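In what comes next, chain A is part of two complexes: it sits with chain B in the first one and with chain C in the second one.
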Partner chain A sequence: MPSAKCKVQDNRWSENSPYRDHEGAASLRPPVGRPLTVAVRLVFCVLSLALLPSVSQAQSTRDTIVAVQPKVVKIFGAGGIKGLAAHGTGFFVSKEGHIVTIWSHVLDADLVGVVLSDGRRFSARVLGAEPQLALAVLKLNGAEGVEFPFFNPDDAVSTGTGTRVLGFSNMFNVAAGDEPVSVVHGVIAAKTIIEARRGVFDSPYSGPVFVVDGVTNNSGAAGGVLTTRDGMLLGMIGLELRNAKSNTWMNYAIPVKDLSSSIQQIISGKFERKKDPNEDEPSLKPRRYKPLDFGFLMVPDVVERTPAFIDSIQIESAAAKVGLKPDDLVLFINDELIQSCRALQDAIGRLESGDQLRLIVRRGNELVTVEMPVPRKKE
Partner chain B sequence: MSGQRKDVKVQRCGVLSVALLCWLATSSLAAEPQVREAELKRVEVIERVAPTVVAVFAKGGAGGGSGVLISKDGFALTNFHVVSGLGPFMKCGLNDGVLYDAVLVGIDPTGDVALIKLLGREDFPVATLGDSDKLEIGDWTYVMGNPFLLATDFQPTVTYGIISGTHRYQPPSGTWLEYTDCIQVDTSINPGNSGGPLFSSAGELVGINGRGSFEKRGRVNSGAGYAISINQIKFFHDQIKAGRVVDHATLGATVTTDSDGTVVVNGILEASDVFRRGLRSGDELVTFAGRPVRTVNQFKNILGIYPKDWMLPIVFRHEGERREIHARLRGLHAKTELMPGPRPQQKPRQPMPKKDKDGNPEKTPDQPLPPRPDPHAEAAKQTIPEQWKDWFVEKAGFANYRFNQLEQDRVFAPLKGLGDFASTAGSWRLSGQSATGDKFELTLAAKGIGLEIRDAAFFQQLEDTDPADEPPGTGGFLIAAHQLRLLLQTGSKAFTECHYFGSEPLDGRGELVDVIVTTMGAIETRWFFSRASGLLLGLDSRLYEDAEPCLIRFENWNDFNGRRLPATWMVTSGEKEFATLKVATLEFTTKK
Partner chain C sequence: MMKRLMLMAVLCLFATVGIRPAFAWQSTAQQLEELEERAFKNAVSQVAPSLVRIETVGGLDQVQNFLLGNGPTTGVIVSADGYVISSSFNFLSKPASILVTTTDGKRLAAKAIANDTVRMLTLLKVEADGLVPARPTAKPSIRVGQWAIAVGRALDANSPNVSVGIVSAVNRVWGKAIQTDAKISPVNYGGALVDVDGSVMGVLVPLSPQDNSPVAGVEWYDSGIGFAIPLADVLATLDRLKQGKDLRSGLAGFNFASTDLYGGDTKIDRVRYDSPMYRAGFKDGDLIVELDGLKVTRPAQIRHVLGSKIEGDKLAIAIKRGEETKQADLALVGELPPFEAGFLGVLPVREKVGSGEGVGVRWVYPDSPAAKIGLKPRDRIVKFRDQSITSAAQLIDQVSRVRPAEKAFVVIRRDRKEQSLEATLGDYPADLPKELPTSAIEAVSEAESKAADEKKAEALEKPRTGRFGEEVADSKNAWWAFVPESYTPAYEYSLLVWLHPPGDTLEAMVYDSWKIEAERRGIILLGLKAANIGSGWQANEAEFVHDTVVSFQKKYSIDAGRIVLHGYDKSGPFVTHLAFKHRDLFRGLLLAAAALSERPPENLPEYRLQFQLICGSKDPAHPILERMANSLRSIKYPANFTSLSDLEHRYPNADGVDAMARWIDSLDRL
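After this line comes the complex of A and B, so read on.
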């Protein structure tokens, strides 16, 4: 089903495009039994991807930049030591002065400074945040009665590999004066999911991302915007992400489409933080213990049946003493087959003080059995 | 939904799809040539400009950078930090595969610009200079050069990207290399690209690439490269082409942003020209060099692109009153700071690189690209190629005095056509009327100068007497007039020091003129020559450093007893007119 790719030209065409209705209607029907139509649409998508960007781009890139710049702001807050930048980027999502930015150390201040593309200065406070989505929403102070140009997060689009994009950010704080932020160009290289892991590929964020071939993610760039060449909002530029082994860096943006409901909830004050899968869920199932009580952490529980891999081991913990290692796959707990992280949480939750915890894990090609006592809980 | 209606819809869908396919077929035919055209245009631009791109090599091949040819006789721009330490001669490769000898011409250490001259041809390919102020964010650009010194056949590496920011300010790296009003690109710039050209999409030279924000990514492209704008380089071009070590300007006053967002003077040097023109602490800067000043950063940005000693228009508000002045700007550095040879160790403005946890040096942002050795350390060791030895003349204060001699010869050449002044070693007596009808008589003799005007007489003795401000308030008109006689009679040899400065806009508002600077004791004179006619347009002469100069502007060159001299002398000082002298007769007496 190529509908996601077809979105690309939806954005390029005007609202009254004769093909728009057709596309919309077609995408609602299952493709089975319509081989011709599907084939046509495939051809359509491939051709349009190949041709349209170069047609419209030359005239509109400047216009796009002029239209997007006023919606992007520079943020100045905590940092400035140990290589941590004290600057970041954000963008307006309401005419009243709500700003979306990345959840980062820059916001660890009572008030942060916000400088607009024309040099106007405001202070802002954090209205709400969703650290799991790396999302924070700010509100400008003293901006009553002032209207700001903004992106409507509900209008954010999703687009496929090969789309030409622009990144807008306060990277390296180059735009230190009363000047608009830096603009870089690139192409969407992949649409994928980053899994948060520790160690070699230490990611500050896990979830869906657009991967970009240009250098969008620099110091201070996080919270900036990624748009199509015609200025449609795609994503929020993420924090820097480096592979410690190869010293290579990944450039990515978090789709705003996936953030839009959280943004609206934070703005409207109805926000409820999503449950952290590692936290205890309120349920009838007992949750007397969790892996951390034994000194190990599981990989983030991101899908229905996330394989029960151990993500990390606390130094000098019980788990470390019995020799558990990161990347061990837990197969059995006290002879009960463990098929997912969730099953593991349940099994550990049912343990009682004085029990023994026996784990069988797979490490490479071998099976390893370890045993440790269940600690007494201080109540 | 009935089966019949479904079928209709399927049919409709099919028809639409076919129509769509047809439309696409036609549109793809229409679009494809555009893609091809864009590609052909890129190929054409690259083929056109690649021959102008220079690969600069240190002697022995240890390091190097890039450059770009801007004149048929081989003048090429590069970075100061590329040529520093290479000595006066280096090797340069072009994409014709030939390795040329090149000689250092002039340097601008603050602006990180150097001019070199490739030797051996008079028909080098030349890049066309563009207007960097016309660039806009999002415009496509080409970077060409020799990153990582990959091109062993001197065929430049080409990268393509967009303008990320214009009029950017990058603070000094180390003691110099301040990038003001520079161009930020996402076009890939890597070590070895330094000194190479930034071309606009039309293939015009709009900047010289010199640094990038690297921070912790190692010294490779991180999406933010910086180029010195070609418009800044145009201001300095004539100065560096004259073999000079040039300096940038400073106002002579410090500014700060007030609580209401205006830029105000918070400290001022009383010896500065801006002070003499009435600028005071607390005044608000409105415009500088015709550009509005809104922030301190922006002011630094505008100021940084101008050479020391230029006169520029400044508008400020003093106690609510708006004033426009033209003031001569001071130098950013002490004269000795920029000179070759040992100099006092300066405190680096950035800490030394630290090691990160992986043992790699921690990178500070925005560095020049190749390593930057001591600028003049190796210069002395180099042997000069016999064939080209005439192209280098060493002189304190100059990168290569040979080029200053050439410019002096060019500018002084028309003076010979004015007539034989060497034989007028006796005295000159000029008489006539001032514009206000006052009779005057000016006598210029070897031992003294006298002026009678408006029933008053003024005299300046030339032996055993210090030069004085005579007539009072003129900045020393008598001494200034004496300078003219010396120049015409004896030439540059009459002065302790004489050099070609470069060009500047006359009085900060007029045409670009050639400027010669002479000194005699404490007296410094700036001579202005028309670039079109070669005529002497005037002179500014000051009795000592930071004194209010005497300005004489000449018009109406006439023949006086077989010698051409100006018949109209406009004399002002401190923006107050002393007199406009109209010379009716001029008598020369030869030495007895």
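After this line comes the complex of A and C, so read on.
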């Protein structure tokens, strides 16, 4: 077991060494040609384990920054008007020069410019994109025979709240020419899900995200990378986004783990765009059911957030049978929090024949749960 | 064998350290990072069972032009039997119902029990037992620079959200809060600021040192400036909150003579009537030397001690009066009887450069206390309550120290003879004088000679008179003004600051209505234009108004006691907001066919403010404005209501302008 850990360390060093500064690489690599017996090697491993209890990656923040910066590029494309930035960030995912970046207006150009951390300039074209994942893959032009340092998207990991992370991006286009991108630090604040469809987030992307407590998502930062402090790839920094639930700007990254199969497919040319599940459905869905279908009526909906109080119950209706009462405040419908009369009309409208309708209502200081079947409807 | 191996191991270690110091450095740095990260996660898991997720239903969607989110927020459990403390910010929407979800996923109906209005906290109660209360960090052990982890439950239902920073300062915002550079925002307001050992240093709240409105400090979200109220302080007042009574600031009932917080001394300007200080026998002019065992010499030190005091708290105070010292233990109160100034019934002569001996009587209110003791125009008031009078401002201040129905001696000079008279002061009259002679500008002729030298200096750049206007550089705002043609710097003018309703600046109409009265009664008109005239005034234009008024005050001879804000119809809310925000600048609030949109603050002796509400008898708002004037008087503000017969909801007619001008011309009454 200990030797296996040592091996991991060794592999890591050798894999990264071409892109390190030479001094660092030399000092970090186990001395070559020094006659180390197996026993000493073993002891060395035991010792380093004793020194670093349960440390699985042997890379400090400084080393990580040195290793990651050459893999991150500055992208220049469309924009520059109406407050839209004409710059963005991306990162290499192959040694041949494939770059992953955010799907945004910056790519609305036939060719985009890519500047590496050492100042080399290339043009690139969009190889493929998956707007639902906010993902685009670029390929550098005229880079045949050149090898680039890269992240393997299949190596992307997930991690828990409180993990220290680093964000790399060309925020506000601060990094000029041959300067590496800017690094910010923070911890994973939360792992949560962005749901674009309810209008809470004005984002084309729906899905899980890492929320960061540092200010990672600035103008031009989207497409940058989020790594753990020991250099493991976590996510791609997303577009600037306002969370309507809290009225705050979000700092978040899209897990690369969830993007890697699409990335590989785009690179290998086998990509087929997934169908947008919302595409078939008309944007304004008719409300199929109303509270009256269950035998209750709501109070008049007068303000933006009228609380969902029940006004009256029809005699001998389903609502009467399960014991709903006037003045009950509906709090949940099938586990969805109901914050207003309008939200209640929407939630009931979405029910389908054969569903169960489960209501949690507040009566005084009690929460009461009732359940009733959704009646069949003649079309 | 074992021994040999150990020896080799030690040698190997030395070799490693000796040959590759970089590696040794790296391993320590890396180890530290790893250990710290583990400590953060550990602290979060320790505190997690004491944090609840809060959801609200119904309620407002904005407060003071501030859009409220309706997402989940956080609270901290403070007792096993279901008490939860949270940030009041989370309940600004006044929700119809509050729901609490505990760490094990149990949903409970919650009731808001009481608010701590000093520290912006709200106590909730749920029916539950066996909850895990947060463990408080001992306050003295909190050190600047130590790790501080902010934990909330708003982002994800299943696990807490985290931000890591350090303690940036303690005893911030006048002793109330811990400051941190962890990212504090609506996603963790109401949550906990945690030490690495998982104990709770404080409850996260938005706060601002400059402002105490409920949304103050939110603009600093995620900026690296965040605040937490020490949990130890919260627990100390928990029993009082559990009674269901809101906690307010603890008041002693005094203010300082000096306005310089850091440079001034601690001399008391006024002890408020019937306050704890008053009842303990302290007097105007006493010098505070000690508070709660702390020697004090500057007002700021006193504010630090008082800032975190709650009504009911004790305060040990010692003062010096001449050579005598006096001390007392005060029980602070949440509310003082409203400040009420007595009224003598005199308008003083406007003397920019006074003779230094008393103040002339310009006019006497009929049936007023002054009329009853026979005061007449051209009398000079030379003494009031044993104080020699040198200026009108000083006389106004002295008279305001006497309450209605109290007696005071007035010494007047009439025909070169002094007389001492005893007056019983009355209330400020609600009605305007029916006739009010204008203050003759030539009456200052004796002063004019003295001002002549000043005038000569100013002659080179004589301020503009008549009607003129200006765009404001670097801003979309603009203003227009009318300065009486007869303007002379030897006289002090009133300033009427006109803020138009949305849609139309009404510049020509206001100018035409006011031109004659402005000339007659010495009023400078200043009309300000919103950046977007169509949509009207925005809250962030308050500074433009303030700065423009201040620049006018510098350019022209204006009486600081007669600066009036004037709004009509839909500019009422902005005008009200301004008057209450800049109490040090505006002395009159004049609303035409518009109601007050905010509850007025407490009437304070240091900020004299008078009101006039005016509208047509056929205006639907008529009864509302009349009631409002009555309620202003009930909290002891001087307030006039003027009803204009047969007028609909529109700008006051000629009679109205006459009444408004009379009101402005009597703002220096005493």
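Observations on the structure shown:
The criterion applied here is as follows: the second predicted complex is superposed on the first by the 209 of 379 C-alpha atoms of A that agree within 3 Å, B and C clash if a C-alpha of one lies under 4 Å from a C-alpha of the other, contacts with A are read in each partner's own complex, and residues count from 1 in each chain.
We take it that contacts are C-beta pairs under 8 Å (C-beta built on N, C-alpha and C of every residue); 3 or more make two chains touch, one makes a residue touch a chain.
What you see is a predicted model, and the numbers here were worked out from it, not measured in a lab.
Of the two partner chains placed by the overlay, only chain B lies in contact with A:172; chain C stays clear of it. Touching more residues of chain A than its counterpart among chain B and chain C is C. By the touch criterion stated above, A:215 is placed in contact with chain B and with chain C alike. By the touch criterion defined above, A:183 reaches chain B but does not reach chain C.
Using the contact criterion defined above for the overlaid structures, shared-chain residue A:61 touches chain B and also reaches chain C. Using the contact criterion defined above for the overlaid structures, shared-chain residue A:249 touches chain B and also reaches chain C. Judged by the touch definition given at the top, the superposed model places A:331 against chain C, while chain B stays out of reach.
When the two complexes are overlaid on their common chain A, residue A:306 makes contact with chain C while staying clear of chain B. In the superposition on chain A, A:375 contacts neither chain B nor chain C. In the superposition on the C-alpha atoms of chain A, the part of chain A touched by chain B in one complex and by chain C in the other spans residues 40, 43-44, 47-48, 51-52, 55, 58, 61-62, 214-215, 244, 247, 249.
Note for the complex: chain B touches chain A at residues 10, 13-14, 16-18, 20-21, 24, 27-28, 31-32, 34-35, 38, 136-139, 161-165, 167-170, 184, 186, 213, 215-218, 221-224, 294-295, 297-298, 301, 358, 360, 362, 365-366.
The touching residues of chain A, counted against chain C in their complex, run 24, 27-28, 31, 39-40, 43-44, 46-48, 51-52, 55, 58-63, 160-164, 186-192, 200, 211, 213-215, 229-230, 243-249, 251, 304-309, 329, 331, 337-340, 360, 362, 365-367.
Chain C contributes residues 5, 8-9, 12-13, 16, 19-20, 22-23, 26-27, 29-31, 33-34, 36-37, 40-41, 44, 55-61, 67-72, 93, 95-97, 99, 107-109, 111, 127, 150, 154-156, 159-164, 182-183, 185-187, 221-222 to its touches with chain A in the complex. Residues 19, 22, 26, 34, 36-37, 40-41, 43-44, 47-48, 51-52, 54-55, 58, 61-62, 64-65, 69, 83, 119, 166, 171-172, 174-185, 214-216, 218-219, 244, 247, 249 of chain A touch chain B in their complex.
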